Each structure stands twice: as C-alpha cells, then as structure tokens.
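Okay, so chain A shows up in both of these, paired with chain B first and chain C after.
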Partner chain A sequence: MNTTQERVAAGPNASAAVWAQRLWPWVLGAGVVVVMPVIFTSSYAITLMSHMGVMIVFALSYNMLLGNTGLLSFGHAVYFGLGAYTAMHVLRYIQATGFGLPIELIPLVGALAGLFFGIIFGSVSTRRAGVVFAMISLGIGEMVHASAHIFTGFFGGEAGLFGNRTVPSSLFGVDYGPGIAVYYLVMVWTLLAAVAMYLLRQTPLGWMANAVRDNPERAQFVGYSPQMVRFFQFALAATFAGLAGGLYVLVDEIVTDETVGMIQSGTVLLSAYIGGIGSFFGPVLGAILVVFLEGELSDITDAWLLYFGLLFVLVVMFAPQGIFGVLTQQFFAWRAGSWRGSLGPRLYGVASLVVAAIGVVAVIEMAYHYFRHWNPAEPMALFIFEVTVTGPMPWAVALTVAVAGLAAYVGHARPMLRRAMGGGGR
Partner chain B sequence: MSARTALALKGVTKNFGRAEIIRGVDLEIRENERHVVIGPNGAGKSTLFHLISGRLQASSGSIQLFGREIDGLPPHRINRMGLSRSFQVTNLFQNMTVMENLRCALLWSQGHKYAFWKRVTSQQGVTQRAEELLERLHLSEKRDVPASLLSYAEQRALEIGATIASGAQVLLLDEPTAGMSRTEADDMVELIREITTDCTLVLVEHDLGVVFNLADRISVLVYGEIIASDTPEAVRANAAVQEAYLGTEAH
Partner chain C sequence: MLEVIAFSLLNGLLYGMLLFMLSSGLTLIFGMMGVLNFAHASFYMLGAYFAYTMGLYTGFWVALFLAPVLVALLGAMVERYGLRRVHQHGHVPELLFTFGLAYVIEELVRLFWGNIPMNYRMPEALNFPLFTLFGTSYPAFRVFMLVVAVVMFVGLYLLLKKTRAGLIIQGSLSRPDIVSALGHNVPQAFMWVFAFGTGLAALGGVIGGIHFVTEPGMAFMMGPIVFVVVVLGGLGSIQGALIASILIGVLQTFALSVDWSLAALGAYFGYAVPPDHFFATLWYMDSTRLAPILPYILLVLMLIFRPRGLMGKRET
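This part shows the complex of A and B:
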C-alpha cells in the first residue's frame, strides 16, 4: 500500500531527488492542463475537457469510499447533485441580488453542501459496511432523486435550473464568458482537490480507512471505531463530490435532476473502476476515458452504451486492477526487463485481440443497423467498407474475423507468451 | 505488588445457543501481576478473552477494568481504557507492511485519533516507537515487507508487537508462543517478560515450563469453570488440578 510513499517520505530534509519523485506527476498534470487547450481549440473540446476536470474530482472522491475505505456506494451522485443545486441557487441569488460572492468561490458552496448532506446521510449509512452500506446508499439515491419531482422549488422540476456565470464578480477580474476561462478555473480547482485528496490518504484517517477496509476487527483493537472512520471518510468524500457539483454548475450553467440520479451514480462508479480503484491515479484516467467516450463515442455510434458496458464487464473480469493498474504493471514489468524475449509474443497477442475486437465491433454495428434502422436493406458504412447487412456475406466475414482473432489469442498467442515468460504466466 | 484490582470478573457466563461455554467465572487479577490461564483445549480460554476484550458480550455477569464496568462496551472503547489483546489466530492488516502495522497500532494511543490534517510518516513519536518495537521484535529487516509475506513466527511476533505497541496497562495474550520453535518461543517469553515489568499481563499458555517460570498466579480453566486460581506452587500442589489437567498433560 504505502510502501513507496514511506520510502519517499524521508522527512523534512528530503533531498531534491525525493521531491522530484514526489512532484513529477503533478507537474506533468499541470503541463497537460496548460497544453491541451492549445492543441484542441474548439469550444466543444474545451467544454469536453472541463467536464473531464469535473469528473476527475468526482471519481477521486468516489474512490475515497470504494478504493480507500472499501465502501461500495450506488448513490454518490446525491452529493454531486445537491452540491450542484446549492451552488446554482447561490449563483441565481447573486444574479437576483448582486450578493458579492466571487465566482471563483462558488464551487466551495457546492463543497459545503456536499459536506452538509454527507454528514446527514453518512451518519445513518456508515454504521455497517458491505451489502448493508451499498443498499442504504442505493435507497438514499432513489429517495433524493424522487424528491426532485416533489420539491420542484429547489430542484427546478423537469426543466432544471439555469444560471449565468458571467454575472458574479471575479476575484481576478477575469471574464468567464468564454469557455476557456472556465476551463482554467475548473482545472485549478481540480488540481487543488486532487492534491488534497492525495494528501488525505497519508493522514491517520487515511491510513485507518485502509485498515478498516482490510480488517475492521483489528482496527477496533487498536482503538479505532470502524463506524467513525467510515463516517469521516464519507463526509469528506461527499465534500469533494459537492465541489465537483459546484464546478459542473460553472461549466454547464444548468442543473437538472439527472445530476442526483442513478445514471450519474453509476457513471462515477464505472469511471473509478475502469481506471482502477487500487491506485490514486486510476480514477483520474477512468474519468478522462469515460467523459471522452461519452462525448466522442456517442457521436460515432448509437451502440456506444453497449461498448461502455462491454468495457466495464471486460475490466471487471480480466483486469480488476483497472486500466491504470494494467499500465503500471506492464511498465514495471518492462523496466524489470521481463519484456525481453517476449516482445514478439506480446505484440502478437495484442494484434490478435485487436483483430478479435474489430470483428466484434463489426458484428455489433451490423446488428444495430439491422434491428434499429428503418430500412435494414440500405447499405451502411462500416470502417472503410460499405456493406449490406441483409445478406449473409458480411456477417460471415465479421464473425470469422472475430473468432479467428480470439482463437489466435487463446490458442496460440497466450500459450506462446506464457512459454516466453518462462511458464510463469500472469 | 499493588493491591489495586486490574480486572474483576464476577459470575461471567457465555452461551452459544444452548451450549454453555463459560459457566460462571469469578476471577480477580491484581495490577501488575502476571497471570497465566491454563486449561485443556476447548475449555473456553479464548472465549474468556473475547468476553473481556469486548469481541463477545457475556450472557450474564460483570466484567470490570480498574473498577469500571466494561461488559457491553465495543472493543475500541475498552482498548482506549487501557486494555490491549492479541489473537490466537493471527489477526493483522495483511496488506500493510510490518512498519505500517506497527504505526497503525500506535496512532490512537499517540493521540492522533481521526486527524486528517497531518501525515502519519511525519509523526516522530509514532516513527520512533515503531522503530524501537521493530528492533525488539527482531523484525527490523522485514520493515517494508507486507504482513502476508512473513513467516508464521514473524507474523506471531508482529501480532504481539501490534498488541503491546500502545503501551496498554492490561495485556491479554492468547497463546503467543504457539507454533514457534524453542528459540523463537524463548525470545518471545523474554520479550513478554521485559515489557510487562510495569503492566498487567493475562496470558494463555500451554508450555508448562513457560507457565511456571513467568506466572505470579495461575488460573486453571476446565469446561468453562475456574477450578483453581492461586500461586504456581499452590496450583502445582492442588489435587483437583492434577487430576483435571496437569496429570494428563505431563505424560
């Protein structure tokens, strides 16, 4: 768990090398933040990247529960959404009265709302871990979502609530009309929140959260109440979820009941898990990927939700350490030299899987066209081809490609890789 | 020896369903004494420890720690009142390293509670005590090894280390030397003797050599009842004990 951190944390007079090792991911992150809008300049891309920032904070806050404390929540959007609504109400209050809260601090309103509701709902839901906690989180999620249709004054009913981010004053005299200005504001908050959550893992509370996750009984016998540890973690996670909600308000200037809904709760779970809940940066990668897929994939194909589910299932089944976990594993394996002599089989394995994936994608796309299009006989564009899915030929080809790729991997590439790695396997 | 009573059990019983496992135990353990509980397997020694440490609740009776009723309190409350215990079956934070296990065992007693504004590794008090313990447990070389990768004897040593780390006034150790080699066991007994010069020890132990060498007083638990609680000499001479336990154990 903290082994590397411990070695890194050599005390107050840590050497420059130690500091470099500690800081490089953050410096890299800040660099990426600055460079990205220079490369991707469209307002669509800027908004997409702002959403990534929001989702990163949200997914990291989720991992304070799942990864760090072992609490599987199905209702984390409650704190995101209530944070967003509260921030929106304050924004509208500023619009109506000229109240002097600067826009840069509006996300803090969301954070406070998250904390407030985290304390209320956390005190009832953290008594038990495991299934009980999961069920209560689901219940609270349903309850709050249902409330959105009852308390339409607060939740704005079907249409939601609108606000205008250009009205409040700015601490630094910035005009937040253009998306790029909001992007930088979101990214500053994202970096601050990420650093804060990173540091939280190294505190007594963070350590005992891990302890309670792994062995709540032993934690009790060293003086800690597992319930209190879970409660504090929960309240803090809700605070950061609320912060993410506040950021969301600044980006979108609209809040609907979807922000407190089950889909949002599911998305954050998927993001954290696909990226990898076992490491700090896993959920960061997951959040970026999920927002990207939601934005891009949905433009390319109608079946994007299906791919999304497929990706999740594959990660759960074959890479429970998440994509970031796989990448770091491979990186360390490569650095330790265990790629030597197995590079060929590795590339072969990846290639066969890519072939299989192409076949599967072709089948899915054709099926979508066949069942969903008003005229299945109309030719469809598939990769670089034009195919007519009412005939058997494209199906035969696609299935053959899929099966051939999979067979090559399972029957040939994988055994070859195992042999190349000295029979050890993975 | 002080006259104060560290632990007092009165009429303690424990049933699991219909099975009566602890059947009316009265026991007084004075401050700073080394008290060894012996008895055949299945007599209820571990169950008795579970009752005292709050892992289980007694079916009836009273348990007092320094005059305060503790039966019914959750384990962490009892721990904070100065009672720490080890487990017969090793019970560690398996994913954490040796050093991390010791640090976790120290955090509360060093006053850090649920703090989320300071780094664990910057707490000099915790680090220093943990390093000392590493040394005493002969685990310095395993400092950064996850608990799950330790040998059995090392895990046992860490289990004891995590128990004594907080400097509790009352220690309950459940078969700390079980499964250890002769030298490992001797080391462990020496360590236990050292750290218990100014605290109260309640120990479950099977090795009669260790028992008679370490104990100020001995209690004999048979089928959930204490049949004798006295000095080692008196227990050795006790006819009922010889019949029920010592006679069968010594060949």
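This part shows the complex of A and C:
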C-alpha cells in the first residue's frame, strides 16, 4: 500500500518508467479488447464477450462496496436491474417519440437511475456495516424483486420489457444492428468505467473507505463520518451498477425481473469473490471467468451450477484472497526467488490436486448420468473414455483416483511443500 | 367475517410456528457463533427430502425422528470441517461459506431427487378432519403440526433453562470467552449447537414438506422469510424469534385471506384516486398481492428504526 501511495504522491512529475508501470495493464486490456473479436468471430462469442464487459463493470462496482468499504451486499442487483429498466424505458420512449438521445449515452441513463436509487436506499442502509448492512441489503433486494411482480407497469410483468437498439440515432453514425458494433461500444464504456473506478480508489474518499472498512472508530476519530463515507461509496457503486445495467440493455435488448433478483445479486458476489476482492483486477478476472463458465460449462455439463458452488466454497475455505490474489502471490514469490528449491514439491502438489479434481469431476459426472439421464445404462463419454455407470467398476476407479490424489496431497505433497518452504505453511 | 378471522388466526399461528422451528435454530446459532447461516433453509429442505425417502421404507413416524437426526449429524460435519476452518478468516467469509453451501445443497438435491416436486404426503393416520368450525372442517394434520411445534418449543425452553448444557449454551450466547475460561469446550459446544439448530430446521422440513411442496426451490422460498423473522425478533433472542414468527405468520396469512386495499379504505371515507394517477397502482393494489413484500418492508423499517430487533439485547 505504501508504494502505491508514493506513486500517487509522485503525481505529474512521475518518470516515464513509473508511467509505463502504471499504464501497462490498461494498454494490455485495450489491446485484448481489440484483438479478441478478430480471433473469436462467431456472433455467439461476440455476445459472450459483451456480457463479460457488462459483468466486469458490475463486479468492479460491487467491489467498491465489499473490497474497498467492507460492505457485504446481498442486493446489489437492485441497482443493476433498476438501471437496466430505466434505460429500457428511455429506449422505448425514443422508439415511441423519436426523442433525440443518441444510443451511446443510454448507459448514462442507467447510471443516473442507479445513482438515484443508490441515494434513496443508501441513505437508510449505510448507517451500519457488517451483518446489519448485509441484512438490509437482502431485505431491499427481496423487496424490489417482489415488487417486480406487483408493479407490472414499470417492470413489464412476467415477459419483461424489450426494445430495439437500432432505432436511436448514433453520435458517430454507427449502425448498432450487428453485435460487433455493440461489443465495441460496451468495451469503450467498460474501459472508461474501469478507469474511473480505479482512479476513485486513489482519491481521499477511496482511502477513507479503506480506513472505514478496517477500523471505523479510528476513522471517526480522525474526523470523518463512517456513515458518510459508506454512503458516498454506496451511491457511487450503485451508479456504476446502473451503468452496467444500461449496457446490458444495449446487448440483450430485453430486461426481465431476473435482473433485480437474488440470483443476479449472488452472481456478482460470486464473481467478485472468486476473482479476489483484495485487488482491483480480481473482480475483472472473476467476472470473465463466471460469464465464461455460465456460457460454456452449461453447454458441456448439467452439473455446472454444482461446480460453480463448489468452486466458490473452495475459494472461501482455502483461498480467501481469490484466484487473482493467489496468482499474484505466487508471481511475487517466484520473482522474490522463493520458488527456488521448492519447484519440485510445488509441481507435485499441483499435480496431486489435479488428479484429485479429475477423480471428483468423474464421480460428479457419473452421478449426474446415473440419476438424471433417462437411461442410465446407456454408455456415457467421460473425458476420453466411454463408461457404463450402472456397473461398479467406473465408480471404483473414479473414487480411487479422487481419494489417491487427495491423500497424496494431504499426506505427502503438503508436508513436503512445508518443509521445502522452511516450515512456514502457505 | 368472524369465520375468516378465526381461520386466518389459526393458519397464521400454524405458519408462524413452522417459521419458529426454523428461526429458533438460526437465532441460536447466530447468538452463539455470530454466524448468520444462509444455508439454514437448505437443511430444512434436506429434512423434507430425507423424510420423504426414508418414509418410503420405514413409514412416516420413524422418519419424523430419524431424518432430523441425520440432518443434524450432517450439520455437525459442516461445522466441524467447513465453518470452523473459515472461522479464522472472520465473519464475512463465514457468511459467504454458508451462502455457497446453500448453492451446493440445492444442486445436490436437484441431482439426487430431480427438479420435479416429490409426492410427499401426510400419513394416512392423520388424514382426517379433526373438528368442524363454522361449517368448515379442519384437517388433523395441521393440528399435529401445531402440536409438534409446541412440543419442540417446550423442549427447547426446558433444555435451555433447566439443564446444564442449556446453561453453557446460554452463557456462550453472551460471553463465549468467559465460558471458555471456565474450562468448557466452546468449539465443541458450537458444533453441537449448530447440529441441534440444523436438526430443528430439518424437523420443520419433515412437516413443512408435507404442508407446502417438497421441491428444490423450497429452501429458496423459505430462506429469506426466516432471515426476516430472526432479524425482526432480535438476533440471538429465542423469545423474539417466537413473537416475530407468529407476527409474520399471522400478518401474511391475513394479507392473503382478507381482500383489502387502500382504495377500500379511501372508499370508506368517500375518497378515491383517479385511475390514471401516478400512485393509482399502489392505491388499487389489494393486500393479496402485497403479501409477499410485507415481511421485507417490516424488515427494512425495523433495521432503520430499531436495528436490534424486538427483543434483541445488542446491536450487531
């Protein structure tokens, strides 16, 4: 944290090297954004990547609460969804009346709606942090979701609302019919929002949010009101969530009550936490991963939600710093040279865990085939094999692999790793 | 009218006692361990499914006792090998762990029992009308549910107030550090309280699964309401949980059975909002449609004005 402060303090006089160090992730990100659609050209992939952009903004906004301010929210989708609904109403208004708002600015409508509802709900819920805040956010989330079935005029009832993104005019004369055009629009907004949220972390408000997260009493003693700091962070997070909602409208052209629901709130929590809430880029990684898994894994296996839940539980139990946190930790350990002499045990540990994972996946897949397939006796494809799950043999093999891998890790690889790293556990 | 009130009261009390079976365990776990167990309703669901499957082989009466015990053992394992490990990272990871667990349990239930509702029915011995009130007969099974809930409440009360184990639990509710200093094994007490709480939830599931529907979405339906009850009653307070359970139960049942709206009230005073007015939707909304959000409105109001709940002793 000290180095970041120094870098911030360096300000405009920073040398070129510091600038390069500061800017390379963004340049890399922009490069990836431009290159990806050239590699993956199918319209399905383009939509998937657009969804990733939406989720990145949403997850980053969530991390403004959880990671920066220590506010655990179970109802963040409220601002995403209400932003989306408001943007959709404006889109439909443009369709109906020919009102001249260009399409590029529609996400801003979502952001304003997010800000509006963030101010309303934030003013009543940010007085306390911790469990009380979590419960209020849950209550507000459930309330708004239940309201969606009551106020059908605004929420469009069961079917939801849909609009047409090609109707509004464009600032730059672009035709937003094809998905690729929307992809670039979403990505421009995503980059802008990400930069804005990154810079917000560096403002005095961002630092005070960290202080309020770590020790509200001391923060108060220094002369800041924790409630006000939480409120500002909350309203800003809601704004960016609303922006994500506005982007979502442009990608999907439909909004249903699921966007304000508990599942959406849970998904953003999962994304941010799996990626890692301790660093800025953690939620970005988490959002990409979660959207990818939702899109791809659900095609491959019926068990994808179970894997999803298991992954989350495992991250909470064994890697609370998140996947990005683990990767950076290992990277710095490697750069500091602490991998030297422990490379063998490390590879062995990873290998044993991979073997265990293969065994567990095999068991889960066979269980899904056995219990869910209309004819369990039909052979199923598992990795490169073809197995019949009604016999005991495949079960015995899969369980042996799982147990052997786990036993090798717990009984052999982990102690070895501890010894190699000089007694200190990971 | 009297008929509606009588039946609503009775059904509301019934629903409230069912809520209490879940909320008592949840509030006990929270009061003692500081863990708001998101997966509590998932154990309720497991109770229903276990009882259904066991009931196919052993009949309802054995399952009524065995299913909660099995679920309690499962709960003990979850505490011992999951929660205790996460405990060192603080309260937020604990909350997140149970949140993830709820996902996993729901998916496992979908895996083993499928997506469709189970044909989980009341035992034949209880399938008769017990008494007739205002010309409408009242099923014996509902009275049985009430009896189970009351027996559970009395048992819980006696356990907490009259036994040595209850004394330790009560002590751990307020000052776990002192109880630990007195030489009691607090982590083990945590484990058994967690097991006990999940067992109570499972007992609720065994009868709730018959009263409502046994399907994979039942935990998701029940979970948030139970949270509302526990927060309303005051986190950690059993009496508060009882009052809040019955309050929510009666309130929701009344909202569903009495057709009431602001417009009706306005008509009484000879006032009406024009149908094209901005607030017209709200004005003409009848109470049956408002029923699902009533608990959450109560929750938010309570947390704003009295965050410790009805009977809570401390703010969280």
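The definition used in the following text is that the second predicted complex is superposed on the first by the 419 of 426 C-alpha atoms of A that agree within 3 Å, B and C clash if a C-alpha of one lies under 4 Å from a C-alpha of the other, contacts with A are read in each partner's own complex, and residues count from 1 in each chain.
Here, a contact is a pair of C-beta atoms (placed from the backbone, for glycine too) under 8 Å apart; a residue touches a chain by one contact, two chains touch by 3 or more.
What you see is a predicted model, and the numbers here were worked out from it, not measured in a lab.
Enquirer: Just from the overlay, do chain B and chain C fit on chain A, or is there a clash?
Expert: Because the two structures are overlaid on the shared chain, the partners are seen to fit without clashing.
Enquirer: Touching A:Thr203, do we find chain B (first), chain C (second), both, or neither?
Expert: In the superposition, A:Thr203 touches chain B alone.
Enquirer: Looking at the overlay, what does A:Leu138 touch: chain B (first), chain C (second), both, or neither?
Expert: Only chain C is touched by A:Leu138; chain B is not.
Enquirer: One more residue to check, A:Asp214. First (chain B), second (chain C), both or neither?
Expert: After superposition on chain A, A:Asp214 lies in contact with chain B alone.
Enquirer: Should A:Arg22 be classified as contacting the first partner (chain B), the second (chain C), both, or neither?
Expert: neither
Enquirer: First (chain B), second (chain C), both or neither: which does A:Gly153 touch?
Expert: After superposition on chain A, A:Gly153 lies in contact with chain C alone.
Enquirer: Now for A:Gly223: first (chain B), second (chain C), both, or neither, which partner does it touch?
Expert: first
Enquirer: Taking C-alpha centres, what angle do chain B and chain C open up at chain A, rounded to the nearest 10 degrees?
Expert: Once the structures are overlaid on A, chain A sees chain B and chain C at 80 degrees.
Enquirer: With the two structures placed on a shared chain A, what shortest C-alpha distance in Å links chain B and chain C?
Expert: Result, nearest C-alpha distance in the overlay: 14 Å.
Enquirer: Which chain A residues come up in both lists, the one for chain B and the one for chain C?
Expert: Dual-contact residues (chain A): none.
Enquirer: Mind listing the chain B positions that touch chain A in their complex?
Expert: It is residues 53-55, 74-76, 79-80, 84-85, 91-97, 99-100, 103-105, 107-109, 112-122, 144, 146, 162-163, 165-166 of chain B that touch chain A.
Enquirer: Any idea which chain A residues touch chain C in the complex?
Expert: 70, 72, 124-125, 127-128, 130-132, 134-136, 138-140, 142-143, 146-147, 149-151, 153, 262, 266, 269-270, 273, 303, 305-306, 308-310, 312-313, 316-317, 320, 367-368, 371-372
Enquirer: State the interface residues of chain A toward chain B in the complex, per the touch definition above.
Expert: Those residues of chain A that touch chain B are 1-3, 5-7, 9, 11-12, 199-200, 202-208, 210-211, 214-215, 217-225, 228-229, 232, 236.
Enquirer: Name, in rising order, each residue of chain C that touches chain A in their complex.
Expert: 36, 82, 85-86, 89, 91-93, 95-97, 99-101, 103-104, 107-108, 111-112, 114, 220, 224, 227-228, 231, 235, 281, 285, 289-290, 292-293, 296-297, 299-300, 303-304, 307, 315-316
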